[in-house]
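What follows is a set of structures for review.
What follows is a pair of complexes built around subunit A, which joins subunit B in one and subunit C in the other.
Here is the complex of A and B:
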């Protein structure tokens, strides 16, 4: 198993002065696993804890109890070299393409950073590698010199994918990667993910509120509500015969 | 003329417009001994309180000293005090603000509450307290004004750094495994520098104004050393017979403060990546 999550809980406590003791349960006893090469979809309404789940796997948000392992190692216990290796094997693509790049650096410089950190390419070869990546994600390599604000939302999201791929990750975590894009661009970006997965061979966890996106992209599906997983299974089976009331609502509203 | 059309005026217009005034102030203070028509300290009782004339373009003061030469000489004090005070305030404030934002929690709370305390004192009062303990001199004026600027820069830096730290691009950098020190210097600092520079230009004009206020109160440059503040103060006694004694340094002060304020706005346009061509 590439990722294994067991009984993970996360509660966000409200301000310490007001409403002492109360809090929002973002993750409630979440257990799941992801095999190598698999695409897992996580569906749920906003506030269901699906983004928190992604952030805990990225080690951006610490969880309270339970365990998450990556390649057999507990991620909360990683530090130094093991953390650095973990960082490069797991890459996010965020929802908002407008703030995903530092506005002060060219897109090419931001993508080159990954090669620089990985240190597997000699310095003089990095621009060529950046150009190759941009070409792989369907962008004109000349865009490397552009500043982020000069690119369209779809172009920026493609560039964000290129940045993530620069460190040759084993796992891509996608947080609503297309929900800020035009409908016509959404399909292109989703197809790009599928193509790239075949070529680069990474696993994927895709978080979205959009059921059709998951049915298009993912083999397996988790449905979350109020921090808990209410349904799971192969995407087709779940969509055809949803067991929980909540999933039935999701399916009927998506059709 | 084609070069004029190729300039991005939306981005550089304001800075270019303020440049003559800013250059005038800096060049005047740099070459003060060369361009002054008279020795700013030379007394000439024969021409006491004389109005502007061909001999003395801005007139003379109660001791017959040339006002123009003294205004030029005084610009040196103002510029040096402004630069040093802003350097103290900007470097101290940026460091404290970055530390507070990066470490957060208790470090943030302690540093910023301390800044709040410093911020509580009216600028002039804090300067007066410092001068009372350290003695009145231009050096202490710089120190006092610089310390007063630290909380402002610290708050600005902390606010900008905190905003940057919440941006997806910063989390993307963390997820790439960029080391902490490099995140601070590469991702956060470049985004903080712009607002700090803008603030520095405005703080510079405020420092010049504060130095004049302190000198006006007799806490800055000591006579016979001219400063715009103590010249205005001297002129107060002769405002009916010889208004130029106060008006000339007042106009110099106005020009400097006004142009550096505009320079601050102009720098904001230059540093805004969204106005790049």
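Here is the complex of A and C:
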């Protein structure tokens, strides 16, 4: 198993800004696993805990109890070299890639950072590798010189994918990666993820509120509500015969 | 040229809004103005929910905003009429337009957070159209605001009316904006992607609300969206926009059951479905031209899988079946 989550719990304490309640249970006893090369979909509405789940897997948000392992090692226990290695092998792609690019760096320079970090490519070969990646994600390699704001939304998302792939990750964590895109551009980007997965062999966890995107992309599905997994299984089976009331609601609003 | 599409609406519905030959232009420095809506004609009948679909940059938002005089600087209506209850909206003075906006025709904007004033409580903002358009006493308006918030299913509306926008979730903000747009019970509501930023279950609630309102008040809606699924479940009639032009219009069943324009067809193939998806989604090669981009002939020609030699001449929007008009030589 590439990722294994067991009984993970996360509670956000109520600060003074929160007016009610004594704490929000963001993850409630969450257990799942992800095999190598697999695509797992996570659906649920805002506040269901799906983004918190991604952040805990990225080790951006610590969990309170339970365990998450990546390639057999507990992520909370990683430090130094093992943490650096983990940060390279797990790459996020977010809904709004604009906010994840340095607006003063050219797109090519942002992608090149990955090679610098990895140190596996000699400096003089980096521009060629950046061009190859841009070509792989269906962008004109000349766009390497552009600034992020000069790209369209779809181009920017492709550039974000190229940047993620630069460090040869084993796992992509996708948080609503096509929600901000038009349907024709979304189709191109979703096809691209599938093509690249065949070529690069990474696993994916795709978080979205868009059920049809998950049924197109993912083999298995988790449905989350109020921090807990309320339903799971092979995507098509879940959609054909949803068992929980909440999943039924999601399916019927997607019809 | 018979450009004005005249698809038949719901039986017996009287025309509430008729836009004809609308040309919207972007003024540019040292260059001729660039058209961003090209000869757009559309109609909304009383009690009708009309969809306007198209991708980013197709000109749909600017078309809606022109109707209530909210075009950004440097963008202006260059030609056309928008007849609403016997008056041309484009011929109104700014003062006359202020009397129409919010009271006769209101807008539910995209992007709820930016549409709300961050330093004013929600209740005050929801009540503002009534405050501006009527002389009703403040206590009355406060009661009305509570009822409006209740109607859009805001929990604990009396208390929440005193909240600031940042204390509302995205879905609640969108509902507050919807309440504001309804406050004067306008006959026509322009809804610009009102649910795009929302979760599907909240989206379903807003849609149910729009249906309820139509049933209760007989209001008409021009519903702008790029979400085909949503439009197919909500709208009676649909206009499809591409690169500044209406390329297809007709009743919902005609458009979704038998799309005739290759662009409409391609859009439907590009959307993933809940079940029975192909291994790859069909895509449209190339990119959407800027609405201002001049092209000889059909504006979809470069991307069209069925392009022929006659597409080098611009096709007119013509009726191919009752109430179903298509801008394509092959339809």
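The definition used in the following text is that the second predicted complex is superposed on the first by the 249 of 255 C-alpha atoms of A that agree within 3 Å, B and C clash if a C-alpha of one lies under 4 Å from a C-alpha of the other, contacts with A are read in each partner's own complex, and residues count from 1 in each chain.
Everything below uses one rule, namely that a contact is a pair of C-beta atoms (placed from the backbone, for glycine too) under 8 Å apart; a residue touches a chain by one contact, two chains touch by 3 or more.
All figures in this text were calculated on a predicted structure; none of them were measured in a lab.
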item	value
Room on subunit A for both subunit B and subunit C (clash or fit)	fit
Partner chain(s) touched by A:182 [first = subunit B, second = subunit C, both, neither]	second
Partner chain(s) touched by A:104 [first = subunit B, second = subunit C, both, neither]	first
Partner chain in contact with A:90 - subunit B first, subunit C second, else both or neither	first
Subunit B, subunit C and vertex subunit A (Cα centres) - angle in steps of 10°	80
Which of subunit B and subunit C A:216 touches, first, second, both or neither	second
Partner chain(s) touched by A:198 [first = subunit B, second = subunit C, both, neither]	neither
Distance in angstrom between the closest Cα atoms of subunit C and subunit B, superposition on A	12
Subunit A residues contacted in one complex by subunit B, in the other by subunit C	none
List of subunit A residues in touch with subunit B within their complex	58, 60, 83-84, 87-88, 90-92, 94-96, 99-104, 110, 113-114, 117, 147, 149, 160, 163, 167
Subunit A - residues contacting subunit C, complex	45-47, 152-153, 182-188, 190-191, 194, 209-213, 215-216, 236, 239-240, 249-251, 253-255
Contact set on subunit C toward subunit A in their complex	55-56, 169-171, 199-204, 226-229, 266-267, 270-275, 277, 279-284, 287-288
Residue ranges of subunit B in contact with subunit A within the complex	167-169, 171-178, 187, 190-191, 273-274, 276
